[in-house]
Amino acid sequence: MIAKTIKDICLGESSSFSKTITEADVVLFAGVTGDMNPVHMNDVYAKTSMFKNRICHGGLVSALFSTVLGTSLPGVGTIYLSQESKFIKPVYLNDTITATVEVIEIIESKNRVVLKTTATNQNGDVVITGQALVMPPR
Amino acid sequence: MIAKTIKDICLGESSSFSKTITEADVVLFAGVTGDMNPVHMNDVYAKTSMFKNRICHGGLVSALFSTVLGTSLPGVGTIYLSQESKFIKPVYLNDTITATVEVIEIIESKNRVVLKTTATNQNGDVVITGQALVMPPR
Amino acid sequence: MIAKTIKDICLGESSSFSKTITEADVVLFAGVTGDMNPVHMNDVYAKTSMFKNRICHGGLVSALFSTVLGTSLPGVGTIYLSQESKFIKPVYLNDTITATVEVIEIIESKNRVVLKTTATNQNGDVVITGQALVMPPR
Amino acid sequence: MIAKTIKDICLGESSSFSKTITEADVVLFAGVTGDMNPVHMNDVYAKTSMFKNRICHGGLVSALFSTVLGTSLPGVGTIYLSQESKFIKPVYLNDTITATVEVIEIIESKNRVVLKTTATNQNGDVVITGQALVMPPR
């Protein structure tokens, strides 16, 4: 288990997690969150929307940042204080997303780290930008 | 299906969605996102953490805002532009969370609405605060 | 419910269970076991692997033997003592697997039965071989 | 992503993964594998069995070895050739299992590694022993 204290963390350090987001993921996420928006769940509706196809829930994609923060950088024991996410482009079913977190500020006196959070698809297009504030494990 | 255009939306208007977040939700969310952080998945570890018990993924709880935005206020056809969330208190398994969105700014010229997003548990404790920026359906 | 005692079991007797293993099965199995190996979860990575496509978890496929042992031969009340499995060929998403168990040894004095365990895909290719040791119900 | 070639692997090296196995895990595993054995699914039946309570599927518990093999030791790109598992003690719902793999033989000429596989519960009781044969990534 990776668990980096603030002294183990360097400015500019980054870590990533990649996953294909499938129809099964979208169905399960909808069930768990109750978000049955037809743009995620209804092929016929989605074809009439500006996206032309069903898209993944933004909250599913942005949750991949938490996967990296809590298991890799800083790792186990991290306390997640806040997340800002801008949804730049739609994520379609079967897109493979890479969620990357990069350390952009270290506030040692308060045991806080700010990370830039970026999600890209298999074509390298940025789909989410944002930042996270965390307390690394002590 | 509810789908409010910007002309149908009033300042101060709000809408909510409530759901008990169960162990099954946490298991499914972990599988979908890959987030196997032991504070969510491991009873023995969680007892040693500052939370003293397994807690729900923050991204699961904040995803309830999207449920309200995309199905109720503004409703179907809404485009989710950004979300900021501060994780104030932990959410434990079997807590019942109410996610509320409240219109705090209407920018009619750009077809944008800003909503305050607040999640509370069954005791009325605020667990997440933040805000969302959306484009209502035209 | 089938529950065969050792006296009801014949050498050479066999039983099977068949199931299509879908993408949803793989997503759920990953969540339950924590096994997020990209060869199972990431289309882009899997294309670069020797398998050229995402494959199912071996443990998911070999678990089908337990389905047969515990519900059909010997059936309910069986105690599963051990399993050996050789993973011969990859199982791809949407393959239909038939798991067969065949009685190859009956040790009546100790109430133990040895079964050959074989999984084949829809083309008749053997994907797993091995054997199980069980105690039939009394 | 961890991916150790055979030259990076040392005799005696080990790695572990821990997870509480919950009722939701058992339900999902049953659905995925079709193993509806009442000792896993039926409280009333299970109380009459020698185990006195519902127990987890052995295949679910032994699948945790694959999690370690494919993501940590040797890591991504590992090819799983075989697994032998002896089911020593029952695993009950809400037990927290630690699956450990330990390198016991390195066959460099054939690019194969043999690992001892041991699962223990939260009390330190060994519930599964066995061994795995894998090809590390090249």
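A, B, C and D label the chains in the order they appear, each numbered from 1.
Here is the rule we use: contacts are C-beta pairs under 8 Å (C-beta built on N, C-alpha and C of every residue); 3 or more make two chains touch, one makes a residue touch a chain.
No experiment lies behind these values; they were computed from the predicted model shown.
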Those chains which touch chain D and also touch chain C: B
Expressed in whole Å, how far the mean CA point of chain B lies from that of chain D is 35
For the pair chain A and chain D, the C-alpha centroid-to-centroid distance in angstrom is 29
CA centroid of chain A to CA centroid of chain B, Å: 15
Counting only residues that touch at least two other chains, what does the list for chain D look like? 19, 25, 28
Line, ring, star, complete or other: which describes how these chains touch one another? other
Chain A to chain B touching residues, read off their complex: 1, 17, 19, 25, 28-29, 31-39, 45, 49-50, 57-60, 62-67, 70-71, 76-77, 79-87, 130
Report the residues of chain B in contact with chain D in the complex, numbered from low to high. 22-24, 26-28, 36, 38, 41-45, 54
Chain A residues within the chain C interface of the complex: 18-20, 22-25, 27-28, 94, 96, 122
Could you list, by residue number, the parts of chain C that touch chain B in their complex? 27-28, 30-32, 34, 36, 41
